[in-house]
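Scrolling down, you'll hit the structures one after another.
Next come two complexes built around chain A: one with chain B, the other with chain C.
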Partner chain A sequence: MENTNRKSVEIKKIRGVLPSSEALFSSTKSQARWYRIQEKIIENMLLLATIISSTAIFFIILFVAKEALSSLKHNGLAFFIAGGWDQHIQEAWFSETPKWDFGALPLILGTFLTTGGALLLTFVLGTGCAIFLAELAPDAIRRPVEAMVRLLAGIPSVIFGLIGLMVVVPFIMDNFISNELALKFIAVAPLDGQSLLAGVIVLTFMVLPFYVTVATDAIRAVPKPYKEASLALGVTQWRSVTKVLIPVAIPGIVTGMILASARAVGEAIALSMVSGGMAFIPDPSHGLVFFLEPVRVMASAIIDNKEAMSVKAIESALFGVGTILLFISILLSLTARLVFSWYQKQVMAK
Partner chain B sequence: MINGQLIKRSRLVALGPVLCWLSAAIIVAVCAGLVLYPLIIGAKMVNLEFLLTDPIPSFNEALAGGILTPIAGTIIIILIATFVTVPIALGTAIYLSEYANRDSVITKSISLGVDVLAGVPSAVLAIFGLILFSLPQLAFLSSKVEGTELALGSSFLVGGLIMMLHIVSFVIKAMEESIRSVPENYRTAAYALGTTRWRVIRKAVLPAALPGVITGIILGIGLIAGDTAIITLCVGGSMTMTGAEQWWLPWNWLETLQGSGSTLTTFVYYSSPAGEGNAPNKAFGAAFILILIVLFLNLTVDYIMAKSKKVKAAA
Partner chain C sequence: MILKDPAKDSIKDPFVPLTIPGALEKNRNGDQKSLLGNQKNLLKGEKASLKNQENSLRMEVKNLDAWYSSGQVLERINLPIFENEILALIGPSGCGKSTFLRCLNRLNDLIKSFRLQGQIKLDDFDIYDPGIDLAILRRKVGMVFQHPNPFPMSIFDNVAFGVREINRRIKRTELAEIVEESLRQASLWDEVKDKLNVSGLSLSGGQQQRLCIARALAVRPEIIMLDEPCSSLDPVSTAHIEELLLMLRADYTIIIVTHNLAQARRISHRMAFFLSGRLIEHGNTAEMSIRPQCEETENYLCGRFG
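Let's turn to the complex of A and B:
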């Protein structure tokens, strides 16, 4: 300990002395001065870059929230708990006098339903895959599977949307929605396969790779002696995984879930393509048809209603939706950081 | 009795690993399907004519033209965004890893700011861009809206700048990690030769961190090529270039960059049944090119990683 301390003090000393020692080796005084100036210029340029990249978030919050203010002020709490988004957009678009009434509840619920569903599936499939990669797979299989997971993370969201629309949506239409069913619900909502279910399926595979990567690392990072001790007690490998490795890896798994939910909440394009084009609140009293009803999420609403932004009231309402999204994403980032530092402390304690 | 329970339990336990294999198999199958399906269907569409004609807005798929301008648009956005991101990201990464005091409150809040930016959805960044770049003072980046003071707020330049915000924190993280992982004795050895701090970084640290730095940039390019939300809002919804008609001529370049256009992702979006074009085969043709780009970027990262591992092992 003392030794490393002394070393770092020495290094600091050397760094402080350097510009002049450079001068020692390389001739004139003017050159030494030039080096010193150069050092200052570069340090300030680096600082400038750092300031740009770290303060950008404040400007984003400022601009988006400022634009949203007039709509949020007018609607108050109703913006969060009142329905009728599509109707409000229509009214504001066609009316002669500016109409400021907006209720974003369908969008908020849409985001929570798709994200919640996707997280549930992600947890089941992703944890299985993470255990597989960290513990079960032989090397020859593990490497290609890991490469596939990485590739999945890099596929653009519009491709997920396209495949969802051309494969998943027709599949749901053909297998779960009969003509009678569609006719029965025609007054409620169009059942054409673009649905909550399609949204959840597509979203699951979009966020899975991010969860799998983090969860696999977390399981792998559990110190070897834990598993060895458990095996030495005669516990089977599978029970060592579920009873020892997973509980220790929980902070990492939670971080992975938070990252996945941050992705899911912000996804716009793929969901706008597969989850149906209307701000509808699926009705649980319809039984399983609940999953076949269309939803629209907050991020998609921004994309879908962009043409209507020329109307001031609609623009402000869309920025209100953007503000909600922004605050959810900030909250998730902060939570992920807290969980991560908790995790680090736990590792340090060992 | 106890025996029976044990057998039941062991049967149940045997199911666990099977389910793990199954979930991995599902993920692999979905990934393969997502890559192969557009490749197989798109391959029928892709020929030289498709690649070299402009898109033509039309409800008849046969007349809808090709994807020349979307390909050009993707390249333009990648170039602009990389050009503005690299200096800022590299500067921040060097500052955070070499200059800043890791435990100070300021450094912590800087890295918090960068972290939070990483989580902001691209749709939110896009509307931020719309409002920021419609300020009249920034009209030189897009064009004036006729009859008002405001700027249009959507052009290739605007899209590229907003794309910078979308990717910068990921690139910073990758670069910072690789700079930090350069062994301390590289630095002490260079200092011992009696040179300045910046020269130590430039001549000793950065060359050693280069593979990680390049990987970070490639990750950023992948994010740029794959984003749709920022392009639809900040570059605009037009399929062809709205700048000059002969956009490829060098003296028209500035006008092209101030105008709007499309990229491969927005082309796929508009041509899919969800968009206005409803030309799914054209969409798959563009998806084919998009997937090739993603595959190429992935393989490049793998190649760089494998090579730098070898170098490290040899050293």
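Let's turn to the complex of A and C:
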């Protein structure tokens, strides 16, 4: 009894703050209008914030493309399929009259080769790592390993470049390149360890943590009942992982790959440090030496040649390279969305 | 445990075709041979079970204690499980029924903090023996879960999955037959025969649960455990599944966890009553309903708690 009394007192105390129902009609017209205006102002400010953040991408594209336009217009398709980047930079820099000819093919190929190689290695290494972390590792191992992988993601790329330069490049130089080999190719390209291979290795470790983190989460997010159902059918742990968990986790795995490639495509500093200082197209006909030849990627080119930006033609050409980079990254993020929704349709709604 | 009688074995093939009235008419006449051959293949190296001896002991649980990180969940459980019976595990939520069930196919091994003491024997073999092949154990002791959990694959692949894993080089026609037979057994065939390539997730809850039963049946287990299979289903689907279990009883040993006392009375031969981790009482369903031995059982059966 006492208890009920106290409760009703408490409720009254709370209710006491509220005005009586007559108050519903007490505010004057001008007050009501003022409230409406207030709300409108807040609404519009929020809208403005949304517009600014969502349209920034258009301004970036517009700006970069506008700067690139004169070079792209002059070179046309040749900008994408002609070689001789380094030479063109030199000519444009030293010539008295403005020279607009540029061919960015070595840079484009360099980006695709390093990114492709790194993605391949990342997929092999990272998928294994993700399965181990999500499914097999006991907590005592999983926690520290996961923390280490996440830490790897936070390391500045210039550190990767340094380590690449001090460890990976000398390793390649000492183990794969003999003096005779270097002499034999001296007319083609300098073989000094700064190479496609070094770029791929360094890049792999840079993008690996992104992929592993996303893929591990994707595998772990597979509903437990799937795994239990599979095990209960007498399917072994390993087969359950490969046949049930991985297929269900595919959208996450693909998303991880795309994230990794977006990072790899845009990487500039580290690659500029380890993959060689020239815009060379590695020649597959050289056999395995292909991997030891230098490359320069698009993002590195912008950094390496930035001192020459005072020349209008070079500036525009570099912005042209930037435009390509921009469109690749937009394309990657669109693909990620497409893959995801396609997969959802395939599996979930069929 | 019964002794094996070789004469009986040779006469009475352990892999007799399933005797579900009406359901298997087609297979019975036509392609029985290949199916049988295949079943043998599936269950290679297994002990025969004798059909005609009703009360032969199939599994035996002795002095079972189990712990999660939160504490002891099962205490001194002793329970025999007989061939071809429907055993209902009843009791209020959290009394350890599901845990007990998951001990029987060692699915609790997935839980890191889980610990167990005691013995569970299947045909006189300790299933917690470190040398046991878990895959074969789980093939013999199938399981259907509380919430329908079909794989995100087509209906056909859902049923075929386990079979394919056991025999990777199975012929497509054989596989199709097993799938059809299993779906018929689960009385789902007529509803899905025209859309076998549609995702299993597109079915209704009751259909999904029957799909899960078909999936479990497809690998031809000997014991089927169902963990509250009807808890998320409507009465019509529930009736469907109860009917199904009564039919399956001829060929399988069935252990069903249920919250629904009426259901336990309708379909089970024996009941086992769990209360806060202990097995209070077990016995013949009819007898236990009329004359429970323990007060707690009586209180529960009368609906005074739970």
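Convention: the second predicted complex is superposed on the first by the 291 of 350 C-alpha atoms of A that agree within 3 Å, B and C clash if a C-alpha of one lies under 4 Å from a C-alpha of the other, contacts with A are read in each partner's own complex, and residues count from 1 in each chain.
Criterion: a contact is a pair of C-beta atoms (placed from the backbone, for glycine too) under 8 Å apart; a residue touches a chain by one contact, two chains touch by 3 or more.
None of the values given here were measured: they were computed from a predicted structure.
**Student:** Chain B versus chain C on the shared chain A, clash or fit?
**Tutor:** fit
**Student:** After superposition on the shared chain, which partner residues are touched by A:Thr236: those of chain B (first), chain C (second), both, or neither?
**Tutor:** Touch status of A:Thr236: both partners.
**Student:** Kindly classify A:Pro138 by the partners it touches after superposition: chain B alone (first), chain C alone (second), both, or neither?
**Tutor:** second
**Student:** Looking at chain A, which partner touches more of its residues: chain C or chain B?
**Tutor:** B
**Student:** In the overlaid three-chain picture, which partner chain does A:Val167 touch, first (chain B) or second (chain C), both, or neither?
**Tutor:** It touches chain B, and chain C stays clear.
**Student:** Which partner chains sit in contact with A:Val248 here, chain B, chain C, both or neither? Use first/second/both/neither.
**Tutor:** In the superposition, A:Val248 contacts chain C only.
**Student:** In the overlay, answer first, second, both or neither for which of chain B and chain C A:Leu151 touches.
**Tutor:** Once the two structures are laid over each other on A, A:Leu151 reaches chain B alone.
**Student:** After superposition on the shared chain, which partner residues are touched by A:Pro225: those of chain B (first), chain C (second), both, or neither?
**Tutor:** Only chain C; A:Pro225 stays clear of chain B.
**Student:** Least CA distance chain B-chain C after superposition, rounded to whole Å?
**Tutor:** 11
**Student:** Which parts of chain A are touched by chain B and by chain C alike?
**Tutor:** 236, 239
**Student:** Can you list the residues on chain B that touch chain A in the complex?
**Tutor:** Within the complex, chain B contacts chain A at residues 13-14, 16-17, 19-24, 26-28, 30-35, 37-38, 87-92, 94-96, 99-100, 109-128, 130-132, 165, 168-169, 172, 187-188, 191-192, 194-198, 222, 225-229, 232-233, 265-266, 268-269, 272-274, 280, 283-284, 287, 290-291, 294-295, 297-298, 302.
**Student:** Considering only the defined contacts, which chain C positions touch chain A in the complex?
**Tutor:** It is residues 105, 107, 110, 112, 134-140, 142-143, 145, 147, 149-152, 154, 161-162, 165-166, 198-199, 201-202, 212, 215-216, 219 of chain C that touch chain A.
**Student:** Name, in rising order, each residue of chain A that touches chain C in their complex.
**Tutor:** Touch list, chain A to chain C: 138-139, 223, 225-236, 239, 243-244, 247-248, 347-350.
**Student:** So in the complex, the part of chain A that touches chain B is made up of which residues?
**Tutor:** 11, 14-15, 18-19, 21-22, 24-25, 35, 38-39, 42-43, 45-50, 52-60, 63-64, 67, 124-129, 131-133, 136-137, 145, 147-152, 154-163, 165-167, 205, 208-209, 212, 236, 238-239, 241-242, 262, 265-269, 272-273, 277, 299, 302-303, 306, 309, 318-319, 322, 325-326, 329-330, 332-334, 336-337
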